[in-house]
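See the structures that follow.
First subunit A sits with subunit B, and in the next complex the same chain sits with subunit C.
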Partner chain A sequence: MVNGTFSQLVTLGSSGMLLTALIVLWRKGVPAYITAYKWQAWLLAAITATVGYYGRDPQLYWVAAGLLALKGVAIPALLRTMQRRFGAQREATPYVNTEVSLVIASVLVLFAYVLARPWMTVTHLPTRQGLPLAMGLLFVSLFIVVSRKKAITQVIGFLMLENAIALLAVVGTYGVPLLVEFGVFLDALMGFLVMQIFVYHIHETFDSIDVEELTRLRH
Partner chain B sequence: MILSVLLMPPLLASCLAILVRPYKRFVGWVSLIGASLSFAASIALCATVVTAGPLQDAASATALWRVDALSSLLALCIAFVALLAAILGQRVGRPDREELSQTRHFRIFTNAFVFTMLAAVTIQNVALMWVAIEATTITSAMVIPLTRTKASVEASWKYILICSVGIALAFAGTVLAYFDFVTTAGEVPGSLNWTVLRATAPSLHPQLLQLAFAFILIGYGTKAGMAPMHTWLPDAHSEAPSPISAMMSGVLLAVAMYAIARWKAVVDVSVSPWFTNSLLTAFGLLSLTIGAFSLVIQHHYKRMLAYSSVEHMGLVSIGLALGPLGTFAALLHVVNHAVAKSMSFLLAGRILHRYETTEIAKVTGLLRVMPWTGSLFAVGILALVGLPPFGLFVSEFLLVRAAVVSGRFWVAGVVLVLLLIVFASLIDHLNGMLYGEAPAGVAVGERCNWSLAALALSVGVLVVLGVTLPRPISALITQSVRGVIP
Partner chain C sequence: MSRYLAIALQTLVAVALAPALVGFIRWLKARLQGRRGAPPWQPYFEIRKLFGKEAVVSHTASWIFNVTPFVVFGTSVLVASLVPLIIAPSGPFLVGDLFATVYLLLLGTFFLALAGLDTGSPFGGMGASREMTVVALTEPTVALSIVALALNAGSTSFSQIVARTLAEPRAALGPGHVLAFAALFIVTLAETGRLPVDNPSTHLELTMIHEAMILEYSGPYLALIEWGAALKLLVFLSLAANLFVPWGIASSLSPVALTIGFVSLIAKLGVLAVVIAVLETRVAKLRLFRVPELLSASFVLAALAVMSTVLAR
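Take a look at the complex of A and B:
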């Protein structure tokens, strides 16, 4: 019974994370993307804490607290500052339109289920239903990075990709060793800060954060 | 002890550059001394490893740092190129205010970059190695837009985005392999260490490891500039300041290949080597083809050198797939390429400084304008196309021989044809640059100085590697091969 609740909670949380990624494909304003990212990070922290509780691993509470502070609060705040600086930038015409994007996303999630089949057979973890969802989130966020034109949307796609991997680690292995977790946190933060600097560079040099402008270097 | 002499100088130099504000000239000298110390330590490390076996800070299973022959070989290359870059990078800034803050920025991130590369090859934990490799992306990306132009901003954006996404996939692969490990063996200390992973590999699930390796190869392959994930490489390498281009092209790509070779060693124990070999051969041949044909249509000499790196990483990847002989050739090729490519990029920086253009067509009469730089650049290109008596000839020859010996004649044939295309196009571009009249407005003549002497030393290294493969080096590479072949 306990395991039943546990696995249902994890599946619910993982599905919620996947849904927040689909919001980015569906909505057109950057503020909506930031909100979606914030919810996703909160869900990730909640799943981590749940796994910590049922898996009796108190270390994971620290990881969850770190995730909440960094990805749930700090990064969304920085993203909002960035977005306010650029004014109302809309993802007007992405490379792939909304309908096709959603169809592609569903195909990617199906593909994730196919790919995850071999692991579902080798593991008996109560959290294993989360694995294909984490994989699906990984592919969908990869698709966000390649199909959107605004630099800020690409950054959000990248951040969601990181969340997907964190989810994969927590549902698959109940978290990687703490030292590794710390290193990954540090890299995520530094990487995000550098990307933020570069988005400002692009804005100052090109007067736009549309990466379509970036076509000077060919061949 | 030796390990801290290797790792600490660049870290301390970076901290010093952060603390000294405004920038003072002595920071540059400290960086230079640090790079020399680091280089000396890397030689000592190689000697220790060859004679006394792997160096580690605790028992094999739990050690955080572990230096075997392969690690020390890579550390030697990194420290050598970092030293060259420190010697040639002395004149990055001229003494007005803006330039000083740029030089400070350059020193902070260049030294941090060297530190992260050295850490990546000496850490035993695969996940922390990933952390270090991701950190190399961040530190090197910060230096690309040193002088902010539209082109450099574009290059740095492509670089950080493509490489961060790629490297994130490598982490997904690492997590998958760890997942497999935890399901089979449970949680044990040091479960992410090379030695432990390799020892447990026979009991892991082949299907899961295959998937993990696919992620890892795509991830680190992006960082190694393998086609079709190479699109960031020519931009980043051509827009970065020359000392950074030299390090990125000469050793950073090799660090990513190192990660692939390490994982290949783990996966090969569990899955038949046929799997990793065919993937590496496919990616390698594609990189070699794209590199070779992009060289034909190149108009910029720094981009030309960058595409030549794509081509050489393709060769290394093919070599890793050709058994022990091929791996020997590939590792020797990594050493040769590090020396030749870093030298060429540093010389390209000097040419850019004088001509103020990166277009091949606008650089004429190089031999008359800069006799020393011009002739060294010519030597560098001749080495890169694989002419004797330089080291790359030997490693390419060994590679083709390994393909023939293992019965893959078609691989050998395709490699030879593509190398011929590379040869013809590079020599053609070189001819256009060396001869002819000097363009108007470019000062003619050049004095020989210390930094050029340092580059002449690289030529000496290439010739020695090409004529007689010195016994210590070949012993080191043989031991490295033994470390990654099951």
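Take a look at the complex of A and C:
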């Protein structure tokens, strides 16, 4: 019974995280993407805390608090300043239009379910239903990175990819040790800061953060 | 015998309550927008007024135009007698299941589109073509979310689905359930002509869908169509409420259980009406070309619901 509630909560949270990635595919404004990312980070923190509670691993509470502070508050604030500076309100027409990208996303999730099948048959973790959802989130955020044109959207896609890997670690192995988790946090933060500098330079050079402009570098 | 009586009674209650639901949403929207608004029972006065008037029928109209109001109202009443509103009938149900309900409602929509084309007015044709576009896009979503629900319960009959959710309350938190609910809610907004898809409070605007089809109707015919549309909204909302959150629904015919069922139905409809009013105050109508994006999003939600039910066993 307890395990049932636990697995339902984790599955629900993972589906919520997947939905926030779908919101990025559906909406057109960059502020909406940032809000979606914030929700996703909060859900990830909630899932981590849930796993910590039911798995009796108090270390995970610290991880959840760190997630909330860094990904739930700090990175969305940084993204907002970035977006304000570039005035990047709307995503330009993506390479794939909205309807098709949504359908592709559902195919990717189906693919993730098929891939996760053998894995799910061998584990007996109560959180195993979250595995295909985490892998689906991984594919969908990769798809966001390759199908959108604005650099800031690609950064958000990358951050969601990082969230997907964190989710995979939490539901697949009940979280990794605190030390490793903090190492990954710092990596993600560093990566984000480096990307911010890149985006800033792209904006300086081309007066736009549309990555299609980068093809002009050949000449 | 008493079961038939109870079903007839709850159908009557639904038919009587439907205008009040629409009036309540309108009143709440007005309050949220800082207007005083007409009282929630205003639609009753409108229906009475319309029944007292003469119907003007264009001389180019065929029999379809005269039949449609009765088909729309009749299918709505029939569907109201099939869905679980106050009581969840135990044992084998009379006839209907999810498929019958959805497609009976579509029959009314189909006739409405025909009637819009029938008089040959440009507005009617435009409305009919738009309505058919929207319906064609909502159709896969409806079918898929039904499949998701039916797979969970092992049957498409309402009583089975309700009984299953009552027996296993944890299933109501599962992703299949929640995603199917979200998909069905978006479809409800699209099918009943609510805001992100169609604006229910304007006449004579170039973007209208439902209003454009019924522009030629007047008098008692218009009253029947408006009443039928209100009843359709009530049926969709109580379906969404009772299939996904069935608690409080009466499972026996005792007066106490029936009272609890009635009160919980009113409470659930009230909550959903508040949600719709707040949503319609916050969002603007989507451009017609962006409607397919919303509907494909709801399709993806329903597809995910099916996947998480079938593949994550």
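Just a few scattered comments:
We take it that the second predicted complex is superposed on the first by the 214 of 219 C-alpha atoms of A that agree within 3 Å, B and C clash if a C-alpha of one lies under 4 Å from a C-alpha of the other, contacts with A are read in each partner's own complex, and residues count from 1 in each chain.
In the analysis below, a contact is a pair of C-beta atoms (placed from the backbone, for glycine too) under 8 Å apart; a residue touches a chain by one contact, two chains touch by 3 or more.
All figures in this text were calculated on a predicted structure; none of them were measured in a lab.
When both complexes are superposed on subunit A, subunit B and subunit C end up sitting side by side without clashing. With subunit A as the corner point and C-alpha centres for all three chains, the angle toward subunit B and subunit C works out to 150 degrees, nearest 10.
In the superposed three-chain model, the partner touching more residues of subunit A is B, compared with the other of subunit B and subunit C.
In the superposition on chain A, contact of A:Ile202 is made with subunit B only, not with subunit C.
Shared-chain residue A:Thr98: touches subunit C; no touch with subunit B. With both structures placed on the common chain, the touch criterion links A:Glu162 to subunit B but leaves subunit C unconnected.
Within the superposed three-chain model, A:Leu178 lies out of touch with both subunit B and subunit C [touch as defined at top].
After overlaying the two complexes on the shared chain, residue contacts for A:Met190 are found with subunit B alone; subunit C is out of touch.
In the overlay built on the shared chain, the residue A:Trp26 is in contact with subunit C alone; subunit B does not reach it.
Once the two complexes are overlaid on the shared chain, A:Tyr113 sits against subunit C while remaining clear of subunit B.
Contacts of A:Val211 after superposition on the shared chain: subunit B is touched, whereas subunit C is not. After superposing the two complexes on chain A, the closest approach between C-alpha atoms of subunit B and subunit C comes to 18 Å. Per the touch definition, subunit C reaches subunit A in the complex via residues 170, 173-175, 178-179, 292-294, 296-297, 299-301, 303-304, 307-308, 311-312.
Within the complex, the subunit B residues that touch subunit A are 125, 127-128, 131, 134-135, 137-138, 141-142, 145, 148-151, 153-158, 160-161, 164-165, 168-169, 171-172, 175-176, 178-180, 182-183, 191-192, 205, 207-208, 211, 234-235, 238-239, 294, 297-299, 303.
By the touch criterion given at the top, residues 115, 118-119, 122-123, 125, 138, 142, 145, 151, 154, 158, 161-162, 164-165, 168-169, 172-174, 176-177, 179-180, 183-184, 186-187, 190-191, 194-195, 198, 201-202, 205-206, 211, 214, 216-217, 219 of subunit A touch subunit B in their complex. Subunit A meets subunit C in the complex at residues 4-5, 8-9, 11-12, 14-15, 18-19, 22, 26, 98-99, 102-103, 105-106, 109-110, 113-114, 117, 120, 129, 132-133.
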